[in-house]
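For reference, the structure discussed in these notes is given below.
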Amino acid sequence: MLRYALKRLISLALSLAVASVVIFAVIEVAPGDPASFMLGVNAQPETLAALRAELGLDVSRPQRYLNWVSGMLAGDFGTSYTYRTPVAQMVADRLWVSLPLALYALTLSTLIAFPVGIYAAARRGKPGDLAVMGATQLGIAVPNFWFAMMLVLIFAINLRWFNAGGFAGWDNGLWAGLHSLTLPAIALALPQAAILARVMRSALLDILGEDFMRTARAKGLSRRQALWRHGVRNALIPVLTIIGLQFSFLLAGSIIIEQVFYLPGLGRLVFQAISARDLIVVESVVMLLVFAVITVNFLVDLAYAAVDPRLRSRT
Amino acid sequence: MSRALILGAALSSVVVLMALLSFVWTPYDHAALNIPEKLQPPNAQHWFGTDHFGRDMFSMIMVGARTSIAVALVAVGIGMALGAPLGLAAAARKGSWLDELIMRGNDLVFAFPSLVIAILITAVFGPGAVNAIIAIGIFNIPVFARITRGAALSLWEREFILAARVAGKGAARISAEHILPNVANLLIVQGTIQFSLGILAEAGLSYVGLGAQPPTPSWGRMLADAQTMVSFAPHLALIPGLAIIVTVLGLNLLGDGLRDWLDPRIRVARA
Amino acid sequence: MSLLEIHNLSLSIHGAPVLDHVSLSIDPGQIVAVTGESGSGKSMTALAVMQLLPAGTVATGSVRLDGHAVLNSPEDEMCRLRGAAVGMVFQEPMTALNPVKTIGDQVMETILIHKAMPRDAARTRAQEVLTRVGLPPDRFPLSRYPHELSGGQRQRVVIAMAIALRPRLLIADEPTTALDVTTQAQILDLLKGLVTEYGMGLLMITHDLAVVADMADRIVVMQKGRVVETGATDHLLRHMQHPYTRMLFQASGHRVALPAPPAPAPLLEVRNVVRDYRLPRTRLFEKPVHHRAVDHVSFTLNRSERLGLVGESGCGKSTLTRAILGLEEVQRGQILLDGQPVFTGHKPNLAVRRKMQVVFQDPFGSFNPRHRVARLITEPFHLLEAPPTGSERQHRIAEMLTAVGLSPDDAGKYIHEFSGGQRQRIAIARALMIRPELILFDEAVSALDVSVRAQILDLLAELCAAYDLTYLFISHDLSVVRTITDRVMVMQSGKIVEQGETERVFADPQHPYTQTLIQAVPKLPEIGQGAA
Amino acid sequence: RSDITIAMQLEPPHLDPTSAAAQAIDSVVYTNVFEGLTRFMGDGSVVPGLAESWEISEDGTVYTFTLHDGVTFHDGTTMDAEDVKFSLDRATAEDSANAQKALFAGIESVEVVDPLTVRITLAEPNGNFLFNLAWGDAVIVAPESIEGIKTNPVGTGAYKFAEWVQGDRITLERNPDYWGDQPALEQATFKFISDPTAAFAAMMAEDVDVFDNFPAPENLPQFEADPRFQVLVGSTEGETILATNNKKPPFDDVRVRQALAHAIDRQAIIDGAMFGYGTPIGTHFAPHNPAYVDLTGLSAHDPDKARALLAEAGFADGFETTLHLPPPSYARRGGEIVAAQLAEVGIKAEIINVEWAQWLETVFKGKNFALTIVSHTEPMDIGIYARPDYYFQYDNPDFQALMATLNATTDPDERTRLLGEAQRMIAEDYVNGYLFQLAKLGVAKAGVQGLWENAPTAAIDLTAISWAD
């Protein structure tokens, strides 16, 4: 177990190192000089040079890469070119929107997907199953930004049950915060729930064909008892993989949704930073997202072990 | 043949036929502006209505299908053409540095939040269909590499591969002669699924303005253009949205149906 | 009144008939063995008693279990019966247990689900039954997970689960098929003991006639969904009526006549071969640990000699085969065919490979399902410098297919169009295609039904006469090795512990391991009708 | 109510109006947090700000300002002549980061006469000087608080900076110690909503009270029809033009540029891209300015004439070119229409959508473009045509001379005449395609009063705003 964790940890570190090079390289070739963007159309050359020096843009690329990486290792993500505040601070603020949103969406999608998937698996081939499977097919096919648009149109503009967007802030209480994250979370969660429900169902169906399910029935467990006691936990293994993938997707992929609901989250930060050529912010946020994805995958791997004792003892 | 397969094939072929038909015929010139006639709801002249420039939506949807299909197809093609050989090679040299390199490379690509990178790539290299293809294609490579490797590994354990080795065949030859044909079904099915994901991805990129550029019509961009007008011209958003849904639904049903039809045992990853 | 009374049970699955008027009964304390070929409906009969039949099954007739009419019982009533009144043990111990739950939980579940006793008492009872099946809690705590046990131990857990509530009837569907002979003997003993001790009825399903003869009070022989013969064991063995029963018994003890071996002239020489597998490291920077699968093995195989290799599962037989074929490099020692090494300079020596072919165990997995027979069996031509083409090639294909008892027309078919026995014939045809000097048979008949196995063994004997074969025959089935080889080697944990003339080794085993092995094999009584 | 939530499209990068071009900074802080010696009013007039009064020397080169007494910065320090000197010196310094250094170009010296009197000497007379000092880039800052100005602006205005939740909002609070009249609102929140859909949704859901410059003209009829809202349509200083690279063949040929002008149908662009909001212009000048001359007739929509001109220039079969479009919808949508209109006369313009940063890099700085659509939002910016190195690269010595004369002229009538001449000159040279004057589209809740209808500069003057009872 420890060895397993350690090995994963090392490959995690390696992945991060390679990722940092790739990100830096991609962003370096981006056209558009941050300094001239900031100073606008009438900037004087000497002003520009002064600003470039101030931003640390006047050193060579490798040097800049090293500065960036060593800064990050020390917890210093640099200073935003445009906002002139520490990137770490900005990211931390945004994280308080993106992370709860991702968790909220993930919780919603899990809460929807589990019962639905189990229901469908238990009624395999019956009308209930077919209806659920049809609905999930549709759920997968719906682009989430389009879904978000429709949600806003219906629930915010017409019914006015929710705010059309924006974030009330956690200072106004948990409820206010959650309320403003509800529509975005639904927009993110439903298509994901459709995928998760399908995975849950097919994993369960696979498990239902296993010998030990027959053994359980032979002990006197009813179909339902066997499904819950022996099926669900085994089915968690493939389901966990998907949840892991989805979390990364939700965290990173909410860019568009944050855009639709104008939430001050990480996704919007990246978008703004890209269009403002705030390279240091882009680099750091993307790096952070990669870090999050890799870490989540690592945690998922560890979670496997919690679910599956076979992995635990693989010393 | 299952109902899913028939329905999926029907929906997908309607879309494909529409795209093909658009090369020779559309009701109107999809690019012709007619500002006095803008924002008409669906009617007898314009079946899907007109957009904010008075263009015929039906013609735009037809030509847009072309864009979506082309971008997704080429992206999946890239993913498969590069991913499958990598997967075969990794499986053939299981446990070697090559395998390790390929798999770690895969993990790395997987570790990048795909949408962010797609946005980054198109933002850096400029928006446009070609860059969208590359951005989507890159993330298809590990999908195909991984699935090919997984299937190939279990095939390498099979005795008929051992028999081929006893017959003196090398890894490359075995991969081509024995492994590839046996993973082909899997690749086709996964390809269909990736194709549908590609269409969604293209729509997403176009929606944020990083996909195909005007005047090439694209469903995602039609949605973006429609955004502010849904409240008074809902057809602008509904129609491209439904076009995407129908296409993706059709392809997914086709993929699922094909999988059941070709081989009930193979498992397809959908992520 | 009987414990289990099956009367005129007929079953169809999605309209296809599976059982046809099956009747049988079991009394308390009685062991009834159901035997018959694969697919004859044995398992379906057992599942009908449990009412765990696959979806789409229609049953008629009657099944009375301990006075309850089972066939039309509602599901909750059956739930009460299953586990409490009737327990069941399945064939595959590796998959019969839930991998994510401890063995204690799984045994206790039987007790708790029937609310037979409170949790503490259930725990005690679980410990008792596990002790009874030979897994005392001090050595096998309840907190073990299935993967921490061997196959035989897992099968014991399954049995413990089935007997936890002392059911009146125990159904065992091929409980030992997946186990090796020594473990099989232990499990069978355990079952016999339980029957006498608890006075249970045991419905035992097996295709191994020797096991049947050894254990059962009564025998039921099934064929194609029907009971063709039934009776008390001794009586039935002595007065077999039905031709199928006779065929079955004869095929089990099938003997073939091999041509006499010629004077020894070495063909294959294996000298001091060692094959290590590197195990995953347990700690990061420690030295890699190795598992020695083949441990200093040396032997010589003479031209036209038929050599057997026996040993229990995992002792290294297949590993040795792969080493001989030059598919893997060995860590130490030398393998020479006709004086030439099979592996030179880290590369397989194709000139030597040309002289060898192999037949594998799995008749379903040894062929690429996407190729036709002609292409499949000519694959070894790849080894030749000038493979025959055109009509020469067609001729060779036809000749080989005929030699293994198939028709030349079969060349155009796909592999799924053939039965298991036919596939094994095709595998032999493929091996013979390039007229190798040496053929390796790795468990080549283990997956086949007894009757089919008999046919393949006959074929081998014929081919020995016709083509003057030299082969190494690997099997864990001692009776097969005994009849098809001239000389035999016994392998244990990678080492050859004994070798010699087949008859001598079997009649007078020297090494203790060989002795256990031979003793553990259930013996079919000599029936006297004479073997073909 | 005494608070208000005002939405705007762009979030300011920071809050120092004296060191960046971003208009969003001015929108938040101009006159609210920071004040200058003079200031703009909603109608575009320039009135005294921190300066109570001023005197101008005979020759027009020496300005003596008398400051208001008792003005303090939000940190309690007093605002006096030293602060004015500091601010102007900082703006004119060699390493100044001021984005509009040109405004201060003529300043020779700034002297402190006494704590409430400042004397500014110019190198030559400048008729625009008081106007220049009203810009956001010329506000008065204190040396004590300059260090943290970007995130914690300290000014003299009626509102103090309170909180900034980046990516979301900035909050200002009323300054009880304000030297002038106390404004009506106690608190104001600026929310940043760039996405037009989100803007519409936020307005409709009444999440915000005012949208300063509503990004989606197509939604205005809905607001107009809804009694909950009022729509304020005004004008901006934004001349939207099809900027043309005058050095890049074939656009170095005036006939080709003229053909472009005749190929374009302005009304279609205003209707299609702006849903009817905007005033057609025929030259680079704001129509609401008294000196404006209507020259749209010079470039009336006439595709046949355009084709004829192209044929004359040797492009009978048209040619291929590119069209760079920055993000605002006037450019993106307008660009699609322009491309279609150009296609009609045989010019195939490939659309290249760019972000602002890229636009600045490739188009503005690199001059690596053929055509682009952009709105020039600085007030009175016809002077850019006198800069041959400006991105559209119009190099006409006659025009440069004309501008020099204009700068030295203080007589209003003469100035008007010269401006008219300048307008005509660039229109007849067809330097750029002149499309329309960008409208200022404000949306607000029905009860909000005192909003600026026009936008002489980017500002949301909170002091004027109040709620009707």
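First chain written, first letter: the chains are A, B, C and D, and each begins at residue 1.
Please note the rule applied: contacts are C-beta pairs under 8 Å (C-beta built on N, C-alpha and C of every residue); 3 or more make two chains touch, one makes a residue touch a chain.
Protein names from UniProt, one per chain: A, B = Peptide/nickel transport system permease protein; C = Peptide/nickel transport system ATP-binding protein.
All values reported here derive from a predicted model rather than from experimental measurement.
Undergrad: Which chains, if any, touch chain C and chain D both?
TA: A, B
Undergrad: Sort out for me whether A-D or A-C is joined by the greater number of C-beta contact pairs.
TA: Looking at A-C and A-D side by side, A-D shows more C-beta contacts.
Undergrad: Using CA atom averages as chain centres, what separation in Å is found between chain B and chain C?
TA: Taking the average C-alpha coordinate of chain B and of chain C, the gap between them is 47 Å.
Undergrad: At what distance in angstrom does the C-alpha mean of chain D lie from that of chain A?
TA: That gives a centre separation of 40 Å.
Undergrad: Which integer distance in Å separates the CA centroid of chain B from that of chain D?
TA: Taking the mean C-alpha position of each chain, the two centres sit 44 Å apart.
Undergrad: Would you give the residues of chain A that are in contact with at least 2 other chains, written as numbers and ranges?
TA: Expected reply: 31, 149, 157, 259, 274-275.
Undergrad: Give me the residues of chain D that touch two or more other chains.
TA: Those would be 195, 197, 200, 204, 355.
Undergrad: If we use the touch criterion from the header, which chain pairs count as touching?
TA: Listed in label order, the chain pairs in contact are A-B, A-C, A-D, B-C, B-D.
Undergrad: What does chain B use to touch chain D in their complex?
TA: Chain B residues touching chain D: 31-33, 35, 38, 52-54, 123, 126-127, 209, 213-215, 227-232.
Undergrad: Tell me, which parts of chain A touch chain D in their complex?
TA: 31-34, 36-44, 46-47, 50-51, 82-85, 90, 93-94, 149, 152, 156-157, 160, 162-167, 169, 259-262, 264-265, 268-269, 272, 274-277
Undergrad: What part of chain C is in contact with chain A in the complex they form?
TA: For this pair, the touching residues of chain C are 50, 52, 75-76, 79-84, 87-88, 90, 92, 95-102, 109-110, 113-114, 145, 147-148, 158, 161-162, 280-284.
Undergrad: Show which residues of chain B lie in contact with chain A when the two form their complex.
TA: Spelled out, the residues of chain B in touch with chain A are 104, 107-108, 110-117, 119-121, 123-125, 196, 200, 203-204, 207-208, 220, 223, 227, 230-231, 234, 237, 241, 244-249, 252-253, 256, 270-271.
Undergrad: What residues on chain C touch chain B, complex-wise?
TA: 322, 325, 327, 348, 350, 353-354, 356-358, 360-362, 365-370, 379-383, 430
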